[in-house]
Amino acid sequence: MARLTDIGWNEFHALPLEAKRPYLERVEGGGMPYHTLFAQQFDRPILERLCALANRIRFINKSKEGALYLKSVLAHKRAMLYFSQPSSRTFLSHLAACQILGVTTGSVRDAATSSEFKGESHEDSIRTFSSYFDMIIMRSPEQGLAEKMSWELSNSSRPIPILNAGSGKDQHPTQALLDIYTLFRSFENKGGIDGKTVVFCGDLMRGRTVRSLSYLLTNFKDVRQVFVAPQELRVPDDVIAVLEEKGVDFKVSDDLQAAVRTADAVYMTRIQDEWDESKGASAKIDTSRFKFGAEELKLLPADGIIMHPLPRRDEIATCCDHDPRAMYWRQMRNGMWIRAALIASTFGFEKSIMECGY
Amino acid sequence: MARLTDIGWNEFHALPLEAKRPYLERVEGGGMPYHTLFAQQFDRPILERLCALANRIRFINKSKEGALYLKSVLAHKRAMLYFSQPSSRTFLSHLAACQILGVTTGSVRDAATSSEFKGESHEDSIRTFSSYFDMIIMRSPEQGLAEKMSWELSNSSRPIPILNAGSGKDQHPTQALLDIYTLFRSFENKGGIDGKTVVFCGDLMRGRTVRSLSYLLTNFKDVRQVFVAPQELRVPDDVIAVLEEKGVDFKVSDDLQAAVRTADAVYMTRIQDEWDESKGASAKIDTSRFKFGAEELKLLPADGIIMHPLPRRDEIATCCDHDPRAMYWRQMRNGMWIRAALIASTFGFEKSIMECGY
Amino acid sequence: MARLTDIGWNEFHALPLEAKRPYLERVEGGGMPYHTLFAQQFDRPILERLCALANRIRFINKSKEGALYLKSVLAHKRAMLYFSQPSSRTFLSHLAACQILGVTTGSVRDAATSSEFKGESHEDSIRTFSSYFDMIIMRSPEQGLAEKMSWELSNSSRPIPILNAGSGKDQHPTQALLDIYTLFRSFENKGGIDGKTVVFCGDLMRGRTVRSLSYLLTNFKDVRQVFVAPQELRVPDDVIAVLEEKGVDFKVSDDLQAAVRTADAVYMTRIQDEWDESKGASAKIDTSRFKFGAEELKLLPADGIIMHPLPRRDEIATCCDHDPRAMYWRQMRNGMWIRAALIASTFGFEKSIMECGY
């Protein structure tokens, strides 16, 4: 690993993602992140360690004794949830992850907060928060702010870790983690993720989840990726380029039903019309053939699963909700477990949890 | 008891309140609620058990050792306070109740939250929250939502209890509980609630508290109810119909002072002009004779008490605030204790608290 | 000491600050505050006890065992943070102070909250909160409200302490405390605060921090005070009058660089244009000579420190941020420690923390 104290901001910022990674690792963490900024920090060994730790935490938490043990692990730590871009879902998931480990929390959840700070820079706000807490979990519309703060805090007299809970269109690394963990759990006794077929469907052009998950899946062997979208929302070229470079077997299609028949996992996504360049542009796209309903449910193999990052609109019919293959609610809960694993590991408690007697 | 997993939503929803009750009980809870949705779930034995448990919690909490014991009871549980209709008072009371029992909490308190969810249905939001928490305490302007969610969650792979903290004009069951608990405490060494005279005064037409308390009082023997209101805001016919059916001794009046002379409890209420059909309609009503002031204080018997669900405007003069018969502040605090009792019992800890050594 | 139950509100309110002080002390607290309302409650012995306690808490908190001990000290207490005037910085600092001591918290942080209370008076709101909590930490735009509530609660059946976290233009006593604690720590091994030179620079006319700190410094021996400001924003006459009365050595100047050369501490402040009587008035003032930059950094003695209450705009150049003499980030963190000391002492735990084995 390298150290953020050994490199200037401009030099660090200019590095490609792969080269930034070692600067963000924990000392003596064997590659585990200290600052968690982007999905590219996770390779296969790290993903497998985090999934194993999440499994362990989930299991320990089942008994009252276990739950109380977990609450003692980080009872001496306090985390700040700084959500200048509100998101109740992501907020609550991180909050719950903290609570499971006994981390006390404070929060700023208000979009208007910045204006409250009387002309203060974001950097100053975050350095102030760092005065009071031992970790900052931040979500911001400002691309790159989490990265900047990681460098700033590591070079201050009070270095504390940053966990990026979403930065602009940019990165949302823990979302990618929870998707991987959901696949990991679903196929745990079915040969693992290797060799499976994952079908992405919906708005594949915008949104960070498809991009990140597609990338992380390249860490596994022989995973086939199928991209099903309307022409106007098809998967971007740079995603395809990565797959081609890595020699991944993939397919671009507009036939959801055909894809579902061969799927181990179908990853549905919402039309992200909040990014429309002209208002109402998405509404003109015919998305009727990119929805998962009763018909698709019949076509899905018995061991197949349905995922969705939520919130959904009508991409998945509610008649699927009680089907055992509908994994999207459990996917939410998996987010809590994998985030707890990440936070525990950030503070160096991976080993003690894995080896505890519960 | 019956089970929500044995009945479809439409069938359940169409049942009369009385018939719904068994579906909402805790397994092996002896009639205690699992989901708490409406005041009609509480009959006399349940009310007495909850009041006894609230008394016990209040007593245990007096010492530091006792307070720490209580904080351990539900230290392995986490509750979501989902207040899409904001109410700091009700929010804080439920929060405090959770804190007394060691329940960790997360919250959404913002009226604008729904819009944030990018077109997601309330049902989906609440199922998401259920992923992260062990109980949902919810307040919503949407009538019936708490009932719907109870059925949904009980039929999901993650059944957790719902506590209704107010749904529209509909129901606010824990408010009724705290009113009963206040009467229970006030008359604990004075023969109990049986045989007492309760005077309701103010806006008896609107608001849920008078309606619910009047109903719950029918569980007790020989309680006389007197309704004092301006003609325009008099007690609704359906409330009267219930009293007539149950053979309750009641009176409708417009003479507060006469009523106060015979009262064991005077329950004052605010003019709820937020429900006015035309703006300012309430302001035209002469309410001057429906206020409790220095004069009424003199007329109130020595053992009589003054209640108010708060917030108040000028229905009770502040000169009454330091009188020992003014029970409205203690009534607030009683809300915290009885809610703690309800939450403890929901999770099956009634017996262990009643029998603990503190 | 005197008791708030022995004096009427009007009589108490009319007293000069010095005469109010004994009414606000803790019984058997040796002069320590029960209600904390204004900076004039702190004389030198109290300041020194609080600084010593803050040091102790800071030290104990370094180990996990110590942190867990501190979290047990007030684990049986719950505090309400009632911020009807929002301030994330002050809010989080008090929150963190509570968390360090294990105090459970609830909060109202919304400026719009009052309107929510359907016409309820502030006094009623705060009495309601007092029902649920063991302490109220309040910030309000309403001058004198904290004082009123102290009297009200002390005269109620549920007396609990009030901590004023800022009331209008009026008082912000814990800000003054953290400034003193920062000087205390910085000069702990350099002869203490006595005999030092403190330079105030910026908008000395408005804002509470300069006023309060200047006053508290008169508790120490031979502290020289230098006031550097544009003519339009110079230190008010009443502050000067106090210094003259107490025989303090002070100077009014407009030459920052000259002052910095002789400074032990330079206290920079922001132009508080939110108080401008006509919009944009401050923008017309030439403030260019009242900023701390690279040049001033060179002139500052090796043992000198730079302070700022934050938020800053451009009064201190960011190139100073990594200089070891820049004390403004640590000053934030000191706020957390001294507030923890104040809260612990309010509940009577000064002695047990000072004498514990950690």
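Every chain is named by a letter (A, B and C) in the order it is written, and numbering of its residues begins at 1.
Methods note: contacts are C-beta pairs under 8 Å (C-beta built on N, C-alpha and C of every residue); 3 or more make two chains touch, one makes a residue touch a chain.
The shown structure was predicted, so the numbers you read here are calculated from the model rather than taken from an experiment.
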On C-alpha atoms only, rotate subunit A onto subunit B and read off the angle in steps of 5 degrees.
-> 120
For the copies subunit B and subunit C, the interface residues, called same if over half of the numbers are used by both and different if under half, are different
Between subunit B and subunit C, the Cα-mean centres are separated in Å by 41
Which residues of subunit A are in contact with two or more other chains?
-> none
For the subunit B and subunit A complex, residues of the former touching the latter | 75-76, 78, 80, 104, 106, 108, 113, 116-120, 123-125, 127-133, 155-158
Interfacial residue positions of subunit A with respect to subunit B in the complex | 64, 67-68, 71, 86-89, 92-93, 95-96, 99, 270, 274, 310-313, 318, 322, 329-330, 332-333, 335-336
